[in-house]
Every structure is written in C-alpha cells, then in structure tokens.
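Residue numbering begins at 1 within each chain, and the chains themselves are lettered A, B, C, D, E and F in the order written.
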Amino acid sequence: MINKILFIAAIIMLLAILLTLYRFIKGPSAADRLVAFDVMTVSSLALIALIANFSSRVIYIDVALVYGLLSFLGVIIVSRYLERGL
Amino acid sequence: MDSTIGIIGAILTLSGSIFIFLGALGLVRMPDLFNRIQAGTKASTLGTFLSLIGLLIITPQWWGKLILLMIFILITNPVSSHILARAAHFIGVPLADKTVTDKYKEEEKTFSIKDEIKNDTHD
Amino acid sequence: MKIKNFIALFLILIVVWILVNNSFSGQIIIIGFILSAFIALLFGTNLRIFDELKFTPTALGYTFIYLLVFLIELIKSNLDVARRVLTPSLPINPGIVKTKTVLKSKMGRMILANSITLTPGTLTVDIDGDTLYIHWIDVCCEDIDKATNAIVKKFEKHLVKIYD
Amino acid sequence: MVKNTFIFVLLVGFVFLFFNLFADFTGNTELNKLAGHYAESGHEEVGAANLVTAVVVTYRGLDTLGEVTILFLSAAIVSFLLKIETSSTDDRKLRTTSEILDTASKILVPVIFIFGIYVFINGHLTPGGGFQGGAIIASGLVLILLAKPLRQISQKLISIVESISGLSFVLLGVAGILFAAGFLDNKILSLGEFGTIFSAGLIPIIYIFVGLKVGAELSSIITNLQENQNEA
Amino acid sequence: MINLLIAIVIGILILIMAIVAIHNKNLVVGIIAAGAVSLFASILYLLLAAPDVAMTEAAIGSGLSTIIFFYVLNKIKKQNG
Amino acid sequence: MENLSLEIVTLITGIALLLIGIWGLLTQKNLIKMVIGFALFDTGIHIIMVSIGYVKNRTAPILDQAVKTNQAAEKIVDPVPQALVLTAIVIGLGITALMLAFVLKMYQKKKSLEINNFNDLKW
C-alpha cells in the first residue's frame, strides 16, 4: 500500500520533470532556461530521496545531501556571469 | 508494514509530488520570468519539503540526514532564486504586459555596461 | 564580541556534524568537537554576522513561534498560488513594490528576505540597506507603508525579538 | 558536403561497431571471479565496509597514485599556460554582490567544509572518499569566490597543502612496504571493529590526504582560471 | 519496475539535453545543458547501484565544471572588447 | 519488450550520449562547443562502464545493516568498474580545464574561436 502510493508520487514527479523540460527547450532567454534548471534540480532531489526509500538504503541519502548543498552553485554561477559579476 | 502512520507519510509524499507538478505547470503557463520563478521554484521547494517530511514519517530511523536535507533546501533555494531574479532584472529581461508597477527600475544602480547577452555566440 | 560569533558557528557546525552522522556515539561526538572547533577558528576570526544574535530563552521561544508562523504562511500562500496556476484565465496582477524593514542585523535581514522569497507570491528582487524590492504576484497597493504592512510585518515582528 | 557525408558514415560505423560489441549483452546475473573475491574477503582483508573504497585505496592503490599524479600534472600545466598573462585588477567593473549571498556564503562555506570532511573521513563506511570530498571542498572555495569575486586566494597556501599531502600519501604507501605486506597496505594500524569510524587501518588517514590533495589541485585550477590573479 | 521506468525517462531526458547542448547556438545555454546532463547522469548512477560515482558526478557537475567554462568565457569576453 | 532491463536501457543511453558527443566534436565549428561535446562523450563512456558492472536486482557494494558481511557475494554489484569511473570523472574535470586553457591560448593568438581559422598546419 505504502509502496504503491510512493510509486504514484514518483511517476508524478517524472511528469513534472518532463514539463520543465518543455520550458528548458522553448524558454526564450537563457535566464528562463536557468529557472527550468533550478526546478529540475529541486524535483530530482525529491526523486533521489524516493529512490533511496525504494532501495531501503540510508546511504543513498548522502548523494541527495551533496545535491542539495551544491546544486544551487550552478544557478548562482550562471546568474553572476549574466549580470557581469564573476 | 501497512501501519496508519506509514500511510499518512505516503500521502504527504504524494501531496508533495502534486505540489511539484503544480510548480512545473506554473513554470510552463506563467507569462514572464519573475512569475515563473514565483510559481515554479517556490512550489517545487514546498513539494520537496513535504515529500521529505513524508519519508521522515515512513522511515523515522533516517531522521538526521533527512532533517539536514530539509535545512539545506530551506537555506539554499531562496538564495539561488533571489540571485537569479536580481540578475534577470539587471540584464533587462522583459516583464509581462500585465505588470502593474516597477518601483525597482528607477533606482537600480547600473554601470554603463552594454547588454551583450543577445549576441553571445562569439563567432 | 568575537567569542559569541565563534560559539554560534561552533554550535551550527556541531549540529550539522551530528545530524549528518545520524548517531550520538562517543567517537563521533569527540571527532566532531575537534573538527568544529578547528573550522570555527579558521572562519570565525572575521565573522561579524552573529553579533546581534541573542542567546536568551525568550529569543529561543520566539524562534519556535517564528518557525510556526512561517510554516503556516508557506502552506497558505502555496495553496493561493496553486489556485492561480490552475485557473484557466491566469488571474495575476504582478509588479515590483518597495518596502522598508527595521531590522539592522545582516543575519536577520537574510532570514527575512529568505522567508519572503520562500512564500510564493512574493520574491525578493534586491535588498539595499533597509529597503527591500519585492516582486509581488498580486499587487494590491503600491504605497510603501501599505506594502510593508502586507508583506514584511508578519515576519518582522517576530524576528525583531530574536535579533536586535 | 563531402565532409558531412563522411561524418554521417563515421557515425553509422560507430553505431554498427557498438551494436556488434553489445549485441549479446543481456546483463550480468552474478559477479565475476575477481569481484567475487573482493566481495567475499574484502571485509576481512581490508576492513572497509565500502568495497569501492577498498578497491580504490588498497587493491588498486597504485592506480590511484597515478591518477592523482595526472590531476596534478593537468593543474600544473593550466597554471603554466596562464602564467605569463599580465592582468589588470583595477579596471574591472563588477556588479556588486547581493547582501543576501554575502551573508549566506558566510554560513554555508563552513558547513560545506565540514560536510566535505565528513565525506572523506567516512569514506570507508558510506559513499564518498577523497575524490568526492576534495571536489566538495573546492566547491566551497567556489562559493567564496562567487560572494567576493575580487578576493585573492593565496596560491602559496594551496601549493603548500598540496605538496604536504602528496608527500604524506607517498610516504604512507612506502610505510606499507616497510611495516606490512606491500605498497599502500593498510594493516599498519589494526583493522579495528568493523563498521566504526576508527577502523579499516590506514584507509581514513590515506583518504584525508587524498582529499586534501584533490581539493588543493582543483582549487589551484579554479584560481588560475580566475580573472584577477596577479601573483602567479 | 519503477526503477526501469525512472531510468527510461531520465535517459530520454539526458539525450534531449545533450542534443540541446550541442545544437543551441548560444554558448551559455550549451553550458547549462551540459551541467544538467551531468546532474541527471548522477541519478542514473544511483539507479545502477553506484552511490560513490553518483556523488562524484553530483559534486563535480554542480559547480566546478560550470565555473571553469564561465571563467574562460569571461576572459574571452574581456579580451574581445 | 520483456528483455528490456535497467542495464540495457542505461547502456543504450550511454552509447547514444557518446554518439551525440562525437557528432558535436565533428560538426561544431566553435572551440568551446567542441569541449562541451568532449564532456558529453566522457559522461557517455562512464555510463557505459557502470552499466556493464551492474548485476541484476542487486544493491550497492557498501556493507551495513542492509547487507551483512556473510551474504555480501550474493547481494552486491561489481565494485571494480565503479572504482575506475570514480577517479575517471575527477580526471575528466582536469582534462576539461586543460582543454579550456588551450582554447584560451589559441584565442589569444588568433582572436577567434572558429576552428576554420586555425589552419597553420594545413597542407
């Protein structure tokens, strides 16, 4: 029962990531694509936590920690480059 | 294993994933960049947060790392979307037609650097 | 004032260490003490951001109240934005407004700006001294005082008790 | 036109090649002999819970030494290539950093550093190790540079850390020849209780040095590519 | 089963991102897309039961590989004008 | 469809990524685009190597409460390819930095990133 609900949650997250992919491909400017990238990283973080639950290994959460702590660097680097601050 | 508490956690995770989906939908539907940040990043942050709370209820022995993950998300995500919005306003990403007011524009401290973003291909 | 900064950074680091190790065993806590003290010494020498932090019990109590207020606002405004996204006509009324804050501490301002950014519907575009420029998805009033009342005050009145 | 056709033919050739290579690959169902040996006796011989770490540090420790050397060489060549260039720091007009990023970086940089140290001290128990920890520490340096783009990071300090950790890594390997069975053998210290932080003999200490060395090398690459580095 | 589904979707995503990275004329978009490829590759590694590799890819792909590209672009732009 | 398994899917992804990387290396004229193509090529090779080391329905080669030491040989995947890829990724970053440093030097010489302008050795 629990696992079934979690499967549905994972499928909805995959759909959400595919929707953001649309914005990434279309997005008129580089900044729009950057927003899509940000949303993708946050959503895939939840996906990683779900994968850790499916495999029932606590060690997979460490990967999610690295993701959560460092993935915002990419967005900041590109933004600073765009606004001439790098 | 089908305890009531576990099912509550699973439903929280499901609602978190629905928030993530709504955020993605907002990202597609909203007319300009700032509204996309509003709808997209914030809703997906809350969605991830709720999903992690749900997982915390399902597997309470992972408490430390999951709580730390939530703290990291709550610190890092607003910073990145703030920096992104600031940069976007600076390089002149157009606001939507519906925009009522822009109090920031008059007072933005600009340097006299020309906007070269559009021809950025270097060829 | 330096010792206060050192202690605050040390406490943050030791809490992070214990949470990431997910256990309270003796070895881990000893190693964590040594490492946290080392890193806090390394970075705490010219750290000024915790100067205004209060370590009193009332401040601690207000921290919890603040977290509660923040979570309630978060969920309330998320539902609001979700409603807007799902409505076919997309009822938005966006704009960038100017607000003022009374907080002096840098740390307090960061927490305020992050809270404003995290609640959907409002997004901190820039911060300049005590002026916050906020992108608002549903502008009701362009006046500084009214906008401050609507966005900033609900967080600020608790943060003032913790900082400053 | 001729060129495009040539590229197309080449790509089709690659597709054919890979198809032939992997046509009868249906996935493994059991381990091969070498991996089976590592899986069965790795925890007794090395004492590390993370078998990838066991392979990286002890079974194939010499490879790791070579790879760290390659990284060192590429960092050295990058700094050599960009050394001659004269840079003028003063005429850069940068957009000021947001106060929020400045404050957030002051909190997050120590947290990133302690997390990196967690990753390489716990390399024998959880995923992670010197390479990952070094990358995380270099990312902390990136965050410092993002918050204060004009800040000068001392190249001297980086090279001192790198030399000392590299030297210690090699010396520990040689100590393995002298006091135990071979190069980079970890049984100089006792293996300890399996699964605790003080176990697996020398592996945590070796990984601390590998982590510091990789972190220093990546930091050196970044600071060399940075705009305003006037002392080379 | 769910792992297979996630792998298929993430694999398609990686390929589309890679094509965007090569095909788009704007260099900034290309670099963002390359970063996204390495971040999604780390999910694939996790599904293939390789958390060590996933952690390395996440640590390298998130900040470091992006910043060296942008430092070089910055230097090129400065010499340009 | 029934023999479609996880490692086959990732293997196909890796090969396709490799081919896209080669395509980018061969067709692009811009030097930085070529470096991006090389990075994709690198990632493709890593995915192929890890998926060859995968064993069906097994878990990560890290022993803890979930995988006891005495049953390790039946439960874990091959650790050797993972160890090789682990170091190869970090070295890939070093190689990318090296290539970019060369690109910078070439740009200083000719003031151009176009590959067709570098024809000094052509005959």
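Brief remarks follow.
By our rule, a residue touches a chain if its C-beta (ideal position, glycine included) is under 8 Å from a C-beta of that chain, and two chains touch if they have at least 3 such contacts.
Here the structure is a predicted model, which is why all the values come from computation and not from measurement.
Each chain's centre was taken as the mean of its CA atoms, and the one lying most distant from chain C is F.
When the interfaces A-F and A-E are ranked by how many C-beta pairs touch across them, A-E comes first. Here the spacing of chain E and chain F, counted between their Cα centres, is 11 Å. Inter-chain spacing, taken between the CA centroids of chain C and chain F, is 40 Å.
Separating the CA-averaged centres of chain A and chain D is a span of 24 Å.
In this assembly, the C-alpha centroid of chain B lies 19 Å from the C-alpha centroid of chain E.
Among the residues of chain A, those in touch with two or more other chains are 10, 17, 30, 34, 55-60, 62-63, 65-66, 69-71, 73, 76-77, 80, 82-86.
Residue positions of chain D touching 2 or more other chains: 50, 52, 93, 95-96, 98, 100-101, 104, 107-108, 111, 115, 119, 126-129, 131-132, 135-136, 139, 142-143, 218, 221, 225, 227.
Each of residues 3, 26-28, 31, 47, 49, 51-52, 54-56, 59-60, 62-64, 67-68, 71-76, 80 in chain E touches at least two other chains. On chain B, the positions that touch chain C within their shared complex are 19, 22, 25-26, 29-32, 34-35, 37-39, 42-43, 45-46, 62-65, 67-68, 74-75, 77-79, 81-82, 85-86, 89, 95-96, 98-105, 107-108. Chain C contributes residues 9, 12-13, 16-17, 20-21, 27-28, 31, 35-36, 39-40, 42-43, 47, 49, 106-107, 109-110, 113-114, 124, 126-127 to its touches with chain D in the complex.
The touching residues of chain B, when paired with chain A in their complex, are 1-2, 6-7, 9-11, 13-14, 16-18, 20-21, 23-25, 27-28, 33, 36-37, 40-41, 44-45, 47-48, 51-52, 55, 58-59, 61-62, 65-66, 68-69, 72-73, 76-77, 79-81, 83-84, 86-88, 90-91, 93, 111, 113, 117, 120. Considering their complex, residues 50, 52-53, 119, 127-129, 131-132, 135-136, 138-139, 142-143, 218, 221-222, 225-227 of chain D touch chain E.
Chain C meets chain B in the complex at residues 16, 18-23, 74-75, 78, 81-82, 84-86, 90, 92-98, 113-115, 117-126, 128, 133, 135, 137, 139, 142.
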